[in-house]
Amino acid sequence: MNAALPVLILLSSLVPAGVTFFLAQDSHTLRNTLNLGGAVVKLGLIIWMLFAVAGGASYEASLPLAPGLVMLLRVDALALLFISLSATLWFLTTIYAIAYFGTKAELSRFFGFFSLCVAATTGLALSGSLISFFIFFELLTLSTWPLVAHKQDKPSLSAARVYLAYALPGSAALLWAIIWLESATGPVLFTEPPDLSALDPGALRGIFALFIIGVGVKAALVPLHGWLPADMAAPAPVSALLHAVAVVKAGAFGVVRVIYDVFGASNVAALGVGEPLAILASVTIVWGSVRALQQDEIKKRLAFSTVSQVSYIVLGAALASPLAMIGGLVHLIHQGLMKITMFFCAGIYDERAGVRKITELNGMGARMPWTSVCFSLGAMGMIGLPPLAGFVSKFYLGLGGLEAGAPWVLGVLVASTLLNAAYFLPLLYRLWFLPAAEDARGDERAPALVVPAVVTATAALGVGLLAASPISPLGWATLIVAREYGP
Amino acid sequence: MSLTVFAMTGASLVGLGIYGLLALPQLLRRIISFNLIGSGLFLFLGAAGARGEAVDAVPQALIITGIVVALAASALAVGLVVALARRSGLVVLPDEANPR
Amino acid sequence: MSLALDLALCGLILCVALGAVVGRGVFRSVIFFITYGLLLAIGWARLGAKDVALAEAAIGAGLTGVLLLTAHGRLRRMSVERAPRVGPNPMAATTGIAVALALGWAWFALPAPTAPDLAAALPLTGMGNPVTGVLLHFRAWDTLLESIVLLAALLGVWMLARDVDWHAPLGLRYHARPGGVLASFGRLLPPIGLSFGSYLVWAGADGTGGAFQGGTVLAAVVLVAMMAGVLPPPRVAQGGLRAALVVGPGVFLLSGLLAVALGMGFLTLPPAVAKPATLIIEVALTVSIAVTLAVLVIGPPDDKEPVR
Amino acid sequence: MTALVIVLALPLAGALAVIALPVRAAVPVALSATALTALSALVLAASVWQGGPVTLMVGGWQPPLGIALQADGLAAALIVMSALVVGAVAMAAWFEMAAARAGPRAAFGFWPLMLLLWGALNAVYVSRDLFNLYVGLELLSLAAVALVAISGTAQALVAALRYMIFALAGSLLYLAGVVLVYAGHGTLDIGLLSARSPAPGDALALGLMTAGLLAKTALFPFHVWLPPAHASAPAPASALLSALVPKASFLILIRLWFEAMPELASTAALLMLAGLGAIAVIWGGVLALVQSRLKLIVAYSTVAQLGYMFLVFPLAGGDGSAQPWAAGAWTGAMFQALSHGLAKAAMFLVAGICIAAVGSDRLGDLRGLARALPMTGFAFALAAITLMGLPPSGGFTAKYLLMTSAFAAGQWPWALVLAGGGLLAAAYLYRPLAALFTRDARLPVHPVARAWQGVPLALAALAVLLGLLSAAPFDLLQIGRPEPAVEGL
């Protein structure tokens, strides 16, 4: 059983993916049942596992492919944190997507790849070795492509091409780093830090840089972020799940793994590569915000906001102090909840009111109150208003910066908060305080679209309010840091 | 000593054939050059096989096989040349192999 | 004396070969090549390799020559572009000379000759002629594949037919004048050729000859008969033709498989039945080789030469 | 042993039967011969897996008098891969080479030529005799040239002739080496040769044979014949030519450099072979990038993909053979041969379906085809993943093993070639992929049977599966591997 559970969790999205591909376009009921069923099963398995892990159980499954090439699934607290998030959001996004697409074309292909993406994210989270991390990382790259290109029109295809043009060289860098490292240390498992003494510091810095380039593409670190805004040509559910959660978080998650489980925080400090990465993350935070300010399409603004916010996680990991780490990890959850809420809402505005530009949001608060409240909660959370989720993250990051002896981080956080406010508050102002245009339309008679947004918005509020509770993401992140990286 | 003469003839035939193969554009002449290379090699092998006190029969068998194989290849090559000439009037290959 | 003779022969061979390569005109080149083949056959006889001499004369010079001559004739009747005249090619010359020198050097660097011990094993095959023994016993797999190579070449040649001609008789129509030289020759030759060819197969077991040489002679007979109009050229779809093409390799292969079925091993012929079994295989092979070579030379089904 | 005999004899017997029997019997006979041979190939692999290499002395004669055949792990793996490819090609050809579609001539010729090609491949895979390998190669080349010419266009004839010239030149160079070997040692058996007392002419012989085999394997700079030849043949024929034929001559190179004459493998020669391979990877990729026809893109990709296999020489050959990374490098190259075979055959069969659907393989005409033929589009994408070397495919396993060995051996430039080649492959395969997946179809699409569409999909899935389940093939390839002294890294 201990080997079967991680495999079952993986299969709960892999099997629906495989079957969905072969379903006829018009077998909606079967397809929806499969995908929702898979999501529910996955959630159930994860909850079971949460209790078991709390009770001290450990899970591991491996499939040797060739010498050195071992697929290893292993559950640790960090993996659980990530799969819990992705499983919950997969379930919600599936409901949302079913409503969003209705009876549009090529749905079997869409849901097939969608589930495949989730399977890849799950596998990536559960990976216990570098090489299986890479395999799922690549699977994620590949299964995302058809989703971005889903509409098959020129903008979608060019967005998909841009995505690959960033992602594939990134994976080449990642593979290069992995093989360079493993050629000296042997296969790297996350449980036992590899012995790095065989490599000289110069080589290690090179390997670290390649790792960061490899995962940094997905985490949209400046200057490797160009694909993310371009990919906004994708349908709303894709932007919601992939561009707020799965893909970018896979990158951020990779950064955490590389720093803590491959190199180890002390080696990162000794090599002096943590600080440059923190600076890069800070630049990304500020630059993403500045660019967000210049966008007049809602989704593009959200995309640049994502670029900025994901680097909070990278910043937390790079500072390598416990509190910063807690801030970064908790932001993995918090940002996911807040950003998916906002993407859900952006999709609803587009679908139900035809609103894509910021200027068209005028007066939408009255017409679409539920959506607009959720959107506003997400935005305020991003800005970091207490007691919302974003505040908790920023608070811990700030403390972590001080703890790590990098007070300049506070400056970055303040600047970012100001910029966040500058690019989100005008939206809220338009929503609630400006009159609607004459010909504005829009309604919310689509509960399957609105409910997921309400749920995530409530969750974003809840994780902030209940941050002190031990089962909150914050409590969890504290546990992870205490258990795995503590003394 | 006679064997050496035959072996050197064989080697020279190979060289001659290679020259023809590389230098002559006309396809039938290239096929002839192929046959010169082949028979030159066989002559060399035959001479080598006759060095021992008893003549080695294995090279002779190999050579007979080789001659038959060479004929098969020549027949197909000649067929291709004729078919190409009939279809496009060419008796040499066009310059670079890059069909549009 | 014999050295002088060999020197003269080899000199002649080289001159003729040179003529085939650098001589003016394709026709002359082909004629030089045929002469070359005949001289080479003499060379083989001088080396004591009578079977090879026969094969070279029949196949190397004879059939290849007919093949090239026919092709040249057809190319001349079509209005093809003439090949560009080329001057001497230093690069090609350097390569050729380098390879020739390397082979020449290798000759003098050869270690003392070693050869597999045929004498001990030959009696087990029932063959008196070691070459036949090697071809049909020790290296039977080579020989089987080789007979199939011929078939592959024939299929390739047939694939060169135009789709409209596919059901036409093989080859171009030859119109021999009734009562003309070719026609009488066509009637006269077959009986003689048939006997000679069959003799070669029979003699191959213990003396000079064998399935390939005999088959080639028979192929020549068939060719002449067809050119003379005595034998109508077959069509691809003709069952008899196709059966004749595969009977040789077929019998050979099946005998090999039969041995496996009897628990002996692939292509094994036990000494007790080696001689008769070999003879059956050889006869079948001869039929296939004769027919395959003949239709290989006359070419794919072709209704008439197009005028360009 | 019986399985080995059937694998060798049945394709040939099938070809003979197809020629002898009336036309209407051709397809059933060919398909049943294919099925039975494929089954025997699996049985053979199983017995190699269990009992080690299977050896057969033809006619009961031992070398140097007779010819020894041996199916080691590598041969068995190639035999199984070929059986899968030929099986798939036969299924596709059932639709594609039907007389109504391809004309009576091609419909007649394809089946025996396919079977002869297959018989020749199997014969080459297991032969331990240098001259027997020559005869096998000739059979292979003649059948291959005939398959190129089968489509009958002037373009195909030019391609076939150019192929013929390279193939014949290659054969003669190889033959020259064989002649020197026999003249020097009185034997042609690979096993006996490995124990020979060295002669001064050996290096020349090895050089000549290698040059000839390189021409047949289409390694840069001998690659010019390959793309037009493979692009002019009918798609099922192209699949055979591209996926299988170059592997035969490559295998002989492996036999020569790793088994018959390993002591002659000087560092300079090994580096040169790999260097040519590296150039092939890059140059083939660049040329594939500028083609506008699907079949030409796929054919140039073969030039590039074959290049990877040559990286095995400096990583596992010569002095490297005793190093711990040799097993990985050697197996990686063989994985490349296997996965490229499956994926490339799938791609050419996809091209065949495209041509059947819209009558052209120009990228512009393929636009939007994936909408009408989703399985075909998916098959191409899966095959592309293998060729790009992305996980979890056989191509990835190959690349991983080779890259790991390159680093372990301190020869990281080869890793650069592997990584760069993968990106190039992504670039040149993206263009057809994007064309297939656009929305605006340009041409009316003729319906294509789903069973036909399923064939390349199955092949491409096998190429991916080879990566997911690479442990078993990895172990199979170790059986009879030269110098299996040290295992893995």
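Couple of notes before you dig in:
Per-chain residue numbering starts at 1, and chain names A, B, C and D are given in the order in which the chains are listed.
The working rule: contacts are C-beta pairs under 8 Å (C-beta built on N, C-alpha and C of every residue); 3 or more make two chains touch, one makes a residue touch a chain.
These numbers were taken from a predicted model, which means no experiment stands behind them.
Using the average of C-alpha coordinates as each chain's centre, A ends up farthest from chain B. Annotation: 27 Å between the Cα-based centres of chain B and chain D. The distance from the centre of chain A to the centre of chain D, with each centre set as the mean of the Cα atoms, comes to 42 Å. Rounded to a whole number, the gap between the C-alpha centres of chain B and chain C is 13 angstrom.
Centre-to-centre separation of chain A and chain B, using mean CA positions: 67 Å. Within chain A, not a single residue touches two or more of the remaining chains. Within chain B, the positions touching two or more other chains are listed as 14, 21, 42, 44, 48-49, 56, 58, 62, 65, 69, 72-73, 76, 80-81, 83, 90.
In chain C, the positions touching at least two other chains are 99, 103, 107, 110, 113-116, 118, 138-139, 142, 146, 149, 152-153, 156, 160. Applying the touch definition to every pair of chains gives A-D, B-C, B-D, C-D.
The touching residues of chain C, when paired with chain D in their complex, are 99, 102-103, 105-107, 109-111, 113-118, 121, 137-142, 145-146, 148-149, 151-153, 155-156, 158-163, 166-167, 236-237, 239, 242-243, 245-246, 249-250, 253-254, 256-257, 260, 264-269. By the touch rule above, chain A contacts chain D in their complex via residues 21, 63-69, 106, 109, 131, 134-135, 138-139, 141-142, 146, 149, 151-153, 157, 160-161, 164, 168-169, 171-172, 175-176, 179-180, 182-183, 186. Taken in their complex, chain C has these residues touching chain B: 2-3, 6-7, 10, 13-14, 17-18, 20-22, 26, 29-30, 33, 36-37, 40, 43-44, 46-49, 51-52, 55-56, 59-60, 63-64, 67-68, 71-72, 74-75, 78-84, 86, 88-89, 91-93, 95-101, 103-104, 107, 110, 113-116, 118-119, 130-131, 133-135, 138-139, 142-143, 146, 149-150, 152-154, 156-157, 160, 210, 212, 293, 296-297, 299-300, 305-306, 308.
If you check the complex, the residues on chain D that touch chain C are 1-2, 5, 8-9, 12-13, 15-17, 19-20, 22-23, 56-61, 64-67, 69, 103-106, 108-109, 112-113, 116, 119-120, 123, 129, 131-132, 135-136, 138-139, 142-143, 145-146, 149-150, 152, 157, 176, 180, 183-187, 197, 199-201, 204-205.
The touching residues of chain D, counted against chain B in their complex, run 131, 134-135, 138, 141-142, 145-146, 149, 153-155, 157-162, 164-165, 168-169, 171-172, 175-176, 179, 182-183, 186, 224-225, 227-228, 231-232, 296.
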